[in-house]
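Input: one structure, supplied below.
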Amino acid sequence: MAGKKQSRELRSDLITYGIVIAAFVLVQLGVSAGFIGSALQGQLIPICAYVVMAVSLNLVVGLSGELSLGHAGFMSVGAFTGVVAATALQPLVGSDALTLVLAMLVGAVFAAIAGVIVGVPVMRLRGDYLAIVTLAFGEIIKNLLNNLYVGIDAAGLHLSFTGEAALGMDGGETIIKGPQGAVGIPRLSTFLIGFLLVLFALFVVLNLKRSRSGRAIMAVRDNRIAAESVGINTTKYRLMAFVVAAALAGMAGALYAMNFSSIAPRKFDFNTSILILVFVVLGGMGNIRGSVIAATLLTILPEALRSISDYRMLLYAIVLILVMLVTNNPTLRALWLRVKGRLSRRPPTARAASTVQEGGDDDER
Amino acid sequence: MSARFHLPSFKGEPTKMVDMPSDAIIPERDLGKVPVLECRHLGIDFGGLSAVDDFNVAIGRTEIAGLIGPNGAGKTTVFNLLTNVYQPTRGTILLDGKDTAGMSPDQVNRAGIARTFQNIRLFDTLTVEENVMIGLHNEVREGMWSSMLRLPTHFSAERRFHERALELLDFFGMADFADMPAGSLPYGAQRRLEIVRALATNPKLLLLDEPAAGMNPAETAELTENIHRIREEFEIAVLLIEHDMSLVMEICEGIAVLNYGRIIAKGTPEEIQSNPEVIEAYLGKQEGDE
Amino acid sequence: MGFLANLVNGVSLGSVYAIIALGYTMVYGIAKMLNFAHGDVIMVGGYLCYCTLVYLGLSPIIGLVVCVAGCTVLGVVVERLAYKPLRDAPSLDVLITAIGVSYFLQNAALLIWGSDPKSFPQMVDFGSLRLFGGQLIISSTAIVTVLANIVIMVGLTLFINKTKMGKAMRACSEDRGAAQLMGINVNSTISLTFAIGSGLAAIAGVLLCSSYPTLMPTTGAMPGIKAFTAAVVGGIGSIPGALLGGLMLGVVEIFAKAYIGTQFSDAIVFAVLIVVLLVRPTGLLGKPMTEKV
């Protein structure tokens, strides 16, 4: 029953899943055949985490059209709550994989809660204000985590914002030590689980995009006033995109943290948020497959091209600017819309392609 | 289609309501039913200046009504008031007898008012069909979890979206455009798509803001026919702002003329055409007074 | 006396924020964009002044002139190359570009000057002001900072209200299209705005580095964000708002450091931003915005 467009979308989604699965299989083969060096092997789990980060940020930036500059903040919430959960649960659960999955779920829940706390006030704002407030929230989260001390002993979890001594622990171990971050992390993350998380994130975001809720999110992005006029609760759908993205970032954070034995809060600072934004912009805003590819390549490339590593960030900055300048060039844009129109269907009338409406309203996006 | 109530208008009214002016005109077939829309002493000030003042109008359940007036008279402001994009400074709006005060624009739509915009506002990057599907947002329900996890309800909901969207597009001869990005449509088709999208929300009252602007005579004729068909098929009321007087005089049953934010005349097309105040507002004061 | 000393420090820091906030507020008012890179212009100004003083051994006055001139040129060039082609682009894209510029400046500085902090030389020293029998000491830097702030505020207000170019700027901020129709050259007005904003950022950079004499490629980032916060708190587009917001944030920051703890001061400053935006989305002195439908 589904229309031509639906089947085309399905095909496009299957290609995306296919690319990810093929990459996973190739890497596994490469590892067993000894083609992949230890440096790249060490990057596999971070790549998975960054791909999930990019895909989830694309839900906010690409589909919802809001610039969030605090995405790494949600990653850190997931990372630290995940580590605490894993440390507490590991003796009870036994299985490493199950512990990791549970820890990722805990990370997702806490990041989602943080997303709601941040999102509810932020959604009253628009555009540049929203960007700056998400940035502020990211800094606040980092600031709080920098002063967070968590320990566990026979009596359960202890929490303090002043120092290790204030935990009042009876033996046991300290899991999070303020600016030092989490220490003695159980290294549970595996490439397989990272790969499954990528598939899960793609499943959630792509399905959301092709649904009633996803269309509502994109409608708000394209024209908020028109979306309201057809009965869409714009705040609800902007918040939905924001919170789902935060939850996925939380899972990515838990996966990322448990790849290392210790991790500090400053790892998830503003620069990390920008790095993920670069993945999204380079992969194409709203283009989920593009995010996957850009995040993977831009994580591998600097390792491969060590000689230019000093210029890497400079290069990222130039890429960010150039992509924006090129995509906003009116000539190129009109051309693109026309090509897109041609590809999707031969226009029933010859004049169809001749009038390209330019948006031009200042109040949108 | 929504149920029709036959209540006298004084029952179940909110307390803040003020008396309805007696000069309301409603087509005979709609008499005895609650008007779909009533505005009572509606007004809004911008920075101390009143942009619309003492706006009193009643629209019958299946009426085609017109709102005309010179540029800057406040016509679009009235639409923004009716859809709660602006909060009125004074007065009451009753939609189907219910006060819409305090509702957000999306709630007003769900309550039964849909609109188009003077400067077309489509979801440009989405396809024509998706634009209509977004209009159907509250007609076909499906939760976030069902769509994210691809539950069976997702597929049945998507099928209903698709079928209903094509049905509506077909009604306006636009089914062929379904897969095109809305932003790449020709101008006339974009205006038509806005109407389809508004109708998709299953309104009781459709507000059209200059639907014929920029259209050639053939397109205007088609629009005229479409507005009639909307009234016949959907059994709803239409209120339109338009500068094309021949269109207004041809299809509107009741017309209100706005000048400097106030209604200067109300009546049938014949009454309006012969009203000296209206002629003066449009042509300026004539020296000789023919 | 601790309270008064903190207040003096707060007003001094707030004056620096206010001067930076002016750049944000003017650019936002006229070009309708958040110039995220504004904070990094401060850092460039600091380095230019540092080089003139330390490498070339010239006097502080020349250092100031060099850095103001350099930053003015930088601001105009950045506007021409990166922002002007995006005049009609969605604000999301403009903001991403500005972030790109910010990142570019930071990393270019990192390549040129390295990551190790430079110790900024003392610019002015005519002794400090001792009050209450030496219980309250006000440094010459603090005095110069506050005086500079007053001079700039008065000067800019006069410029905006009394000169022809100032009028053109106000016209552009009200309605760019209408201003163009009235024969105002919008492009050169926007360039002028960037020039003034960047020149002020250079002065702010010198003042900031005089009070907090460690200079790094990231020196401008945090003060930049806080000054933007100040501009938003005061009401974006409003010059008195920038002053009010800047002073308020500077005082809040110093008091938070003194009485609550250094580690939470940033969180508290940003919490002020969030509270103000929620209570008054257009800031304390900002005009309410109406959307055109």
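Think of it as A, B and C in the order they're written, each chain with its own count starting at 1.
Convention: a contact is a pair of C-beta atoms (placed from the backbone, for glycine too) under 8 Å apart; a residue touches a chain by one contact, two chains touch by 3 or more.
Here the structure is a predicted model, which is why all the values come from computation and not from measurement.
Relative to chain C, the most remote chain by averaged C-alpha coordinates is B.
Chain nearest the geometric middle of the protein is A, using mean C-alpha positions. The greatest number of inter-chain C-beta pairs in contact is found between A-B. For the pair chain A and chain B, the distance between mean C-alpha positions equals 41 Å. Centre to centre, using the average C-alpha position, chain A and chain C are separated by 32 Å. Centre to centre, using the average C-alpha position, chain B and chain C are separated by 48 Å.
Contacts with at least two other chains are made by residues 85, 117 of chain B. In chain C, the residues touching two or more other chains are 291, 293. Looking at chain A, one finds that residues 225, 359 touch two or more other chains.
Of all the residues in chain A, the ones that touch chain B in their complex are 1-6, 203-204, 207-208, 210-216, 218-219, 222-223, 225-234, 240, 244, 286, 337-338, 340-341, 344-345, 347-349, 351-357, 359, 361. Contacts from chain A toward chain C in the complex involve residues 61, 65-67, 69, 121, 124-125, 127-129, 131-133, 135-137, 139-140, 143-144, 146-147, 225, 270, 274, 277, 281, 310-311, 313-314, 316-321, 324-325, 327-330, 358-360, 362-365.
Residues 83, 85, 104-107, 109-110, 114-115, 117, 119-127, 129-130, 133-135, 137-138, 140-144, 147-150, 154, 157-159, 161-163, 166, 176-181, 183-187, 189-190, 197-198, 200-201 of chain B touch chain A in their complex.
Residue ranges of chain C in contact with chain A, taken from their complex: 28, 32-34, 82, 85-86, 88-97, 99-104, 106-108, 110-111, 221, 225, 228-229, 232, 263-264, 266-267, 270-271, 273-274, 277-278, 281, 291-293.
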